[in-house]
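Next, two complexes with chain A in common: one pairs it with chain B, the other with chain C.
Take a look at the complex of A and B:
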């Protein structure tokens, strides 16, 4: 009887110690380590996963559907829990996120290689091309100039890059299935529409030599038209190209469309 | 210059709200399923459990649904040590199937073995205190009421596969990979006509090798049964309520969003005792549930068992 009681007590102790969390890996030495950080861009319209050819409603009783959805991301950097910021190497730090390159779940992967191992809490990136990169001239763009041309993300070199490209059709109470083309960018050096966005991670992103965390970023396309400001097709936002009034409104709306939904460490 | 590349696989590590391992295959040793027979007798037996779930494989309202079916066969037993102590043990075999976008995936193997040691306190009828009468009876008469305290452990005998943790539904595992502690308290009442079983259990979850720590869990169940005695058999139909409350899952000591939840089930069933054999069946339907940001829905569960009374 006594023996049983002791066995019971011993078992209880064993369980309690087993289940307590040990924090002995806090003193991890990360210097010299690096790993991959994967950004998964996932386009949505409100709480719906974005799908080509689906008709979506917006304000002002207008609808749209898209057959082309692309945007340029650049100057990606991440900040760790000690306030240090890791800048991805500049010449590599420009990407085209294109819905047509998504996997079955509509996610577009951007893999950042050789990111310093650290505990990251925040990400910052730009939408489009900043004036400094543009000032490097056509030769300074490396292979990206050719890629952007192939992807239809350029006007002429003088006018520069299209930062975003939404092509499709729209309907309003008075017109049906008219062409929709929203191509926003900076216009040479005269109009700067480059914007940056900083997003906090809901959990710490642990980049290590042997683990590649994933950051799931949702881009809500409905915000392009119903964001900080409202852009109605009936008011001329069905064709947005280099207009000095319209493009800054689209740029401001796009700046607010990104959200880090969740992250994965493993 | 980089091109956003695009592995043409379904989303790896799909979403945080899908970490619900302890709800599914691995959880069949949970207290909300019960540890034994209605009459709290000692036994050794086999139990089969069928459960199905639907979970949203994605973060959007139009994300596709994955359907999971969990088949579990358990060797389970309640073995006495002496009048006050007994042990319950559970050795599960898991067979899990998931259907997602036309693909079928199957996983099977030994699950997580658990064992609980119990200390039972029986209550006896009060004797009439009459100083003039002499009590000749040597045995105390049981009142039918008893309470039990249990301490146990769930072992990581089921293989926790890291590659599956990267899947759409990381709950698709035969084991949690963690050592968990189980603390239980139960109350039983049984007469020859009716009975009540109530059980409360708390699970202290350990961290597994992937640095996941499933949320601590509180399980409860209560069953009310009646006894119809025949010459050769007893039939004991029962009605019950059971439920689980899950705390959030932690990874690297940080809480993951949308990983907590609760479920309340109503169940209906019966036991049939013939000689030393007890046959049982139990059908449960969720009455209310809010699991993991409502991305997981328990549909139903069904179990049948045959026990041999010791």
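Take a look at the complex of A and C:
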């Protein structure tokens, strides 16, 4: 019984000692620490929040409404104020951002676990699946293939990913409520539509063991059709699948739709 | 105190006991992937999916497993029968779950580790991902990946086989697809009479007819049916008349590129004697009809391959009766009985 008491005492000492050393080091040295970083994707159309079934206007007197809005984000990495880049582990570094998984505010959370503690100033991510990852086949995909298939993010007639999926209806001055389906992706090695985007944070993102900052990313869906280039439904952009001319235009437009709106450090 | 000690001992015992109860463990026995000396380089990246004995066996189980389909009855092997180089014997188009009928003729499964693309239109560019197409197609196996995984997860046999085949042993899509690839990677057909002849093995010689056939083949067919895989792996329009009922646009469906209209992947000719019927829609029942087609029935559907353009402006490959007879004799030397009867790939 005495032995037990001593053991407890020793344990208590050990814990106390541990804690105090940690506190001392906390001021500058972040090595060995890690925390969560939360990316909040928030789809919008210009200055409006994106809502399913709501009609939005675009250029060329055309309108659209969507019932399905999803895209794949991968290869997320963040760069700190010293220029070091933290790559999220490759195997887990692929996500489906689906509007239907959003909270009441229409925000879709992507949580990155165990990110190295640092002061981050920049984020880079890809839209879709890059050629290297695709070339791995099933290797390292875990359940993602299953997830993508369930979410309708794989072609059913070919083995490849849909990087973005917008389904709904559109109207032009000459037609009303025609089907709108934009399913843009790569096709094997023949057509590569993977694109990356790098965004600066408006203020430093402080990832710590005990704080999980949130990065609020706004994705302006209107840019998909009125972005770097204009994509009019009347010109065939109502049905985008694997066309080698149309899909790179959609991919380029999507690359320009993301913006870091604000940061929450807590 | 004694009670506490006993409890601790009990807990320790319980935990240590639970480990040996899992009999199936991952102890990989690497299988050699055959690379025949007359073949081009292997395409499949084995570094990402090394073939093991247990992985191969699991892949074979899955290949013959009806649970991969929505009615639990249509296995891969349903349309890919070994005796016919893993094609669907006697079917120009195959049928799947719920009476569905496919659009194209089932292709042989052989030497796939050497292929750069899969399916008649190249819809799959990685062997691991190819099985997703038939598995989820409504007219083939009509399943979803997650449902297949749930069925396999609930099966103690598969729990054990996945544990043997993969580190971590998780029953998931990644491991299922890897196992299927491992099985298919091993399916190498390279021991036909032709192979032994070109490799100078077993004192195999060609008859005069076979030699003449080989000669004609090299002069008139080998541009497209190139290398000892007998395909240059390109997509070509060989001038078949359009079947309005199917209106199969071929490779066009993949990239929506009008240059790809009616193009299909040049098929390998290995085991061609047993893989009838022929062409993407199985319209020709015999090799004689195929050769007659090339000689005199190619139609200009607007995008026919230049290789088939004759001096007089028509399309086709002119063949005399003797050339046809000898070509067929040569093509029959591509039948690989060792492969067709290989027990490693057989269901029972």
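Details
Heads up, the rule we're going with is that the second predicted complex is superposed on the first by the 233 of 266 C-alpha atoms of A that agree within 3 Å, B and C clash if a C-alpha of one lies under 4 Å from a C-alpha of the other, contacts with A are read in each partner's own complex, and residues count from 1 in each chain.
FYI, a residue touches a chain if its C-beta (ideal position, glycine included) is under 8 Å from a C-beta of that chain, and two chains touch if they have at least 3 such contacts.
These numbers come from a predicted model, not from an experiment.
Once the two complexes are overlaid on the shared chain, A:265 sits against chain B while remaining clear of chain C. Counted by residues of chain A touched, the larger count belongs to B, out of chain B and chain C.
Look at A:159: by the touch rule set out above, it reaches chain C but stays clear of chain B. Residue contacts after overlaying the shared chain place A:79 against neither chain B nor chain C. When the shared chain is aligned, chain B comes close enough to touch A:42, but chain C does not. When both complexes are overlaid on chain A, the residue A:134 reaches chain C alone and has no touch with chain B. Of the two partner chains placed by the overlay, neither chain B nor chain C lies in contact with A:169. Once the two complexes are laid over each other on the shared chain, residue contacts for A:92 go to chain B alone; chain C is not touched.
By the touch criterion stated above, A:142 is placed in contact with chain B and with chain C alike. Where the contact sets of chain A with chain B and with chain C meet, they give residues 1, 4, 141-143. Touching chain C in their complex are the following residues of chain A: 1, 4, 134-143, 145-146, 149-150, 154-160, 187-191, 241-244.
Against chain A, in their complex, chain B makes its touches with residues 1-17, 58-63, 81-82, 84-85, 101, 117, 119, 151-153, 162, 165-166, 179-181, 204-207, 210-211, 213, 251-257. On the chain A side of its complex with chain B, the touching residues are 1, 4, 7-8, 11-12, 14-16, 18-19, 21, 23, 40-42, 44, 47-49, 51, 73, 91-98, 101-105, 107-111, 141-144, 147, 202-204, 206, 214, 216, 218, 261-266. Put simply, chain C touches chain A in their complex at residues 1, 45, 48-49, 117, 119, 121-130, 132-133, 136-137, 144-146, 149, 170, 172-178, 181, 253-257.
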